[in-house]
Amino acid sequence: MQLGLVGLGRMGANMAKRLLRAGHTCVGYARTAATVQKRIDEGSISSGASSLEDLVKQLETPRVVWLMVPAASVDETIEQLLPHLSPDDIVIDGGNSYYRDDIRRAEWLKKHNIHYVDTGTSGGVWGLDRGYCLMIGGDDEAVKRLDPIFSTLAPGVDAAVRTPGREKVGGTAEKGYLHCGPNGAGHFVKMVHNGIEYGVMAAYAEGLNILHHANIGKDQQTIDAETAPLQNPEYYHYDFNLADVSELWRRGSVIGSWLLDLTASALLQNPQLEKFAGRVSDSGEGRWTVAAAIDESVPAPVLSAALFARFSSRGEADFANKVLSAMRYEFGGHLEKES
Amino acid sequence: MQLGLVGLGRMGANMAKRLLRAGHTCVGYARTAATVQKRIDEGSISSGASSLEDLVKQLETPRVVWLMVPAASVDETIEQLLPHLSPDDIVIDGGNSYYRDDIRRAEWLKKHNIHYVDTGTSGGVWGLDRGYCLMIGGDDEAVKRLDPIFSTLAPGVDAAVRTPGREKVGGTAEKGYLHCGPNGAGHFVKMVHNGIEYGVMAAYAEGLNILHHANIGKDQQTIDAETAPLQNPEYYHYDFNLADVSELWRRGSVIGSWLLDLTASALLQNPQLEKFAGRVSDSGEGRWTVAAAIDESVPAPVLSAALFARFSSRGEADFANKVLSAMRYEFGGHLEKES
Amino acid sequence: MQLGLVGLGRMGANMAKRLLRAGHTCVGYARTAATVQKRIDEGSISSGASSLEDLVKQLETPRVVWLMVPAASVDETIEQLLPHLSPDDIVIDGGNSYYRDDIRRAEWLKKHNIHYVDTGTSGGVWGLDRGYCLMIGGDDEAVKRLDPIFSTLAPGVDAAVRTPGREKVGGTAEKGYLHCGPNGAGHFVKMVHNGIEYGVMAAYAEGLNILHHANIGKDQQTIDAETAPLQNPEYYHYDFNLADVSELWRRGSVIGSWLLDLTASALLQNPQLEKFAGRVSDSGEGRWTVAAAIDESVPAPVLSAALFARFSSRGEADFANKVLSAMRYEFGGHLEKES
Amino acid sequence: MQLGLVGLGRMGANMAKRLLRAGHTCVGYARTAATVQKRIDEGSISSGASSLEDLVKQLETPRVVWLMVPAASVDETIEQLLPHLSPDDIVIDGGNSYYRDDIRRAEWLKKHNIHYVDTGTSGGVWGLDRGYCLMIGGDDEAVKRLDPIFSTLAPGVDAAVRTPGREKVGGTAEKGYLHCGPNGAGHFVKMVHNGIEYGVMAAYAEGLNILHHANIGKDQQTIDAETAPLQNPEYYHYDFNLADVSELWRRGSVIGSWLLDLTASALLQNPQLEKFAGRVSDSGEGRWTVAAAIDESVPAPVLSAALFARFSSRGEADFANKVLSAMRYEFGGHLEKES
């Protein structure tokens, strides 16, 4: 099947490469001509386009154009594409758009009889070999037409042990792609996926931090009114090897996961993680997940705690902490301790 | 290698069976003679004992006795065993003891020149085939002597893809068992493991709950001063198939895990989970994990939120909620809404 | 000063009464003629209006119209008022609008040269005698013109001990009303006020719940694998009288507050609070506060935990809890315990 | 009434002064003779003692000895006092002891027929004039005998508006002191008091932080894949004067409190709070409160979030944050952003 791909960053290029390997054709476009040439040279794409117009011209109708551009550039890209597209063409947004933007865009393109398909894509830098988990929203016709592409990008059923009973159910979920519902459904599911990701990551991070400090009883204890005494220092004399512990949990334990696999690998290379400062970014989906929970009246204490821990890691609690110190000074004359 | 096993519940019996399959010998004892007989009949154990004394007598010195009894029965069992044991024997606690009890017991047995080894064991009802993840605390000599048993019970290196670079490091962690440190270290690591488990479980549960309520915009909205209005009901019109979504995430996504595998299986069998009431037990380790975090001054907002959600699921927040309703009535005359 | 008041519910009627007591004139309108008559009869308003048009006609220009209607009715009310208003009139929204609606409405009315003033109003059913705390957003001219009304409604400086140094600063903050900034600023501050309110309330509620269960050690402990054992029941033998404890804290302690005053009163009347079910409503501001925190990247773990506890009190965590029970059943064969 | 006071720090000296003002007699002892002399010179105590033995000798039997020493020194002090005390004497611990230590100490002293009374004392540096809120645990006889002292130290009923209905109930709660139960009850109630204090403080701090960042929309937005975009910067253009806002809320609002009074004062003196670094200490009671909640299975999401925010303010989440950054690097090649 033939596909136009707009955006040839690392993730886009890998997706194209995976499609080519399976016999699909992929015309690529990026803002910088050098990027296009590089992707041609490395064999990631079948051919390159010099403009969006050129890209569209190289595609047979009805066309398929897959966007892998930053969420902030999607609207602008569609605006530029639109004059060149024809009825029944499909535009796919494979980036990290907010699902509400999908709903708006689908209505906009529908007026031109063009299909819009939102496809949340998980897999990161590993997707080329591991396959991409695809969460899809859109109308049935368009999604069905794209099946050859989705099934190629997805990991396939063999990527995990089959769930007992799945053989009677069928469907594409166990192949690693799913038509989740109408427009926005793909990015909604991707949004929640990332919200869960934050929570799972934080669970490991907190647990490992507890193990990391399990030797605190060996330290000299500070004795003053500003320091809560450690009641039983003798219970905190453990020097755990976290590279080993995270490796250990990968087999047979209840908490085995791909994120744990990555953690074990990171700790093996860099046991104290000193090459990281601990300023943790968040890219939006975790925020939207908590906002959705609030709209729905669904409690999300774990997902929000994970999100807020990231904010705090970037110093965003500083003023609040100063307020606390100021209150303590006011009622008790407490002075802050030096670090 | 020969082993005495005290406690022949499902988990103990499965462990014995796994040992026998690999050529080890296992003498079993349980409080009820019928249980012992059943385990002999089904081939889980090599032979049965009629009492703890009988069990000890059947073992060659230096002996190995593995306890798989409730945490509350460990002290009593050791007391009964002790008169029959000899110097250099090893007692293993494979249950869910608090690591502080391990430290105390190890000191107690050391006075009799008997080794004590605490072994946190993860694997649940699946361990027979999947292997057990073993987190071990104790002195080097005893742990080394038990290596044949640990390596049989553990999943082995093939149970997961090898972490790049591990081949240069060696050690048993990648086989699924690890000598974590001195006594208590095994159950300390197991404790934190379970604390993480609570957090990971809650992350999935909250995310799935958000997906479950994503059709709330289809409901008739209540309009009164006691109900926060849903600002944009049109954004919550999705009917997600959670059995499919959880299956989807198993392949290629960032949040793939064994717990997700189980969730996908549960939702396939019972999509609305109506056979559960949602009263979630906790068995202690999550509590101890948060208590350790507090002792160490380590923030654990996610792990504690997960723990408290379980308490709330059992109605333990009821009085607090009544206090809130009472305050609202006092300052605003607000009456509670019917459910 | 003369004022038109739309909305004569309990809060609106009390505000009018407080204005009349100070010599202001208040023309009142409500949807139901009977309500208007009742407010005239009880002396809450100076005169009544039969329609919004009639209300406007009874006011001298430039007019002041204060809306105390549900947030959902504000737009509709303004639409009906608008044809009858003249340039330089002022419309005040004293309800619980979302501050973003204020910004929109102010722009809308500005096109007609009409001022819009958003006034977050705290004080509940107690405001008649205690005064109202007024958080005001709008342009300088309008806010200045309304000063006689605001200063009458507000509690005045004598309502609390003066902050040392305030005498040199001046301003209206210490009188209990404040021009917080341009449109939306009033309801933004009110929104955060209510967000804080949720957090403060939850802090008391959780603490009192801990005291309420401080006799748990007297209960027979359940011993099974599904119940975390209480390690030291002898430390939980206290039967606290919470009406007394909350009364006690009102004087001299660090946590004295008006909410505590109300709590002490509620617990005195109804020590077990059995007349409440513990289903706690939330009316929107707490949600918007957390949403603002997320937009600003400001961590709000306490305010969000308080919000989510209310959601949970209404059963909104149920599906998440079922997911947890389902997982536990899958990996460990754990069955739920009966309540 | 006559009292021996051990520990003449600022809080102890103020308590003595308040007692002397009311006609009580107070013999004081401190480790350093100079401190004793200073307190004599400033008129805080009636007379000084050169040793604990001397202190005891100066008191008439049955004696009353009040300890205001660091929690870590209480046992040692009692050991030194004990040989000199007589049956029926009373020892009071007015510091911040863990309530479990009270239970142990009471049993210990009871063997010598000496009464032990634990008295949680709130009031900080303000207690001299404002009075102390006293939370008392011990046997009836001893507590009754100390009533003259407690009623002098406490604020008295006039310190707050009387709760309606209290006049029919009587008791000392509304005077600001309360016999809460047997030994440990006083410090248990004080512990929870401080746990609540943390939650209330955090609620204000988070809310003020949200107001502090309400001008974030004026900043240039960073546009990259590592930064969640602010969707509507136009809604975050407010420059709030927090000294004014906190002053405003002191009158008429639902969230008025003594802590808010102090906050308003602190912000008036130092609007940006730049003299604080935001490293917030915790002195133990908040930890014990959460630990008690866990023991009792009582959810405490707000109190624990407040506690953990303090830990994070001191950098205790750093390793956890590094784990998160390491995971993000592993799965997505994400590099940390510079601050």
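Points to keep in mind about this one:
We call the chains A, B, C and D, going by the order they appear; numbering starts again at 1 in every chain.
Methods note: a contact is a pair of C-beta atoms (placed from the backbone, for glycine too) under 8 Å apart; a residue touches a chain by one contact, two chains touch by 3 or more.
Owing to the predicted nature of the structure, the values given are computational and were not obtained by experimental measurement.
Common neighbours of chain B and chain C under the contact rule above are A, D.
Taking the mean of C-alpha positions as each chain's centre, the chain lying farthest from the centre of chain D is A. The chain pair with the larger count of C-beta pairs in contact, out of A-C and A-D, is A-D.
Per-chain CA centroids place chain A at a distance of 38 Å from chain C.
Centres computed as Cα averages put chain A at a distance of 29 Å from chain B. Chain centres here are Cα averages; for chain A and chain D they lie 44 Å apart.
Counting partner chains per residue, chain B has residues 124, 202, 204, 206, 209, 212-213, 228, 231, 254, 258-259, 265, 287, 295, 297-301, 305, 308-309, 312, 314, 316-317, 320, 331 touching two or more of them. Across the complex, chain A meets chain C through its residues 254, 287, 290-291, 294-295, 297-301, 304-305, 307-309, 311-312, 314, 316-317, 320, 331. Contacts from chain A toward chain B in the complex involve residues 99-100, 103, 122-124, 127, 130-135, 154-157, 159-161, 163-166, 169, 171, 173-178, 180-182, 184-185, 188-189, 192-200, 202-204, 206-207, 209-211, 213-214, 216, 228, 230-232, 234-240, 243-245, 247-261, 264-265, 268-269, 289, 292-293, 295-303, 305-306, 308-309. Interface residues of chain A, counted against chain D in their complex, comprise 10, 70-72, 98, 124-126, 201-202, 204-206, 208-209, 212-213, 223, 225-229, 231, 258-259, 262-263, 265-267, 270, 273-274, 276-284, 287, 301, 305, 309-310, 312-334, 336-337, 339.
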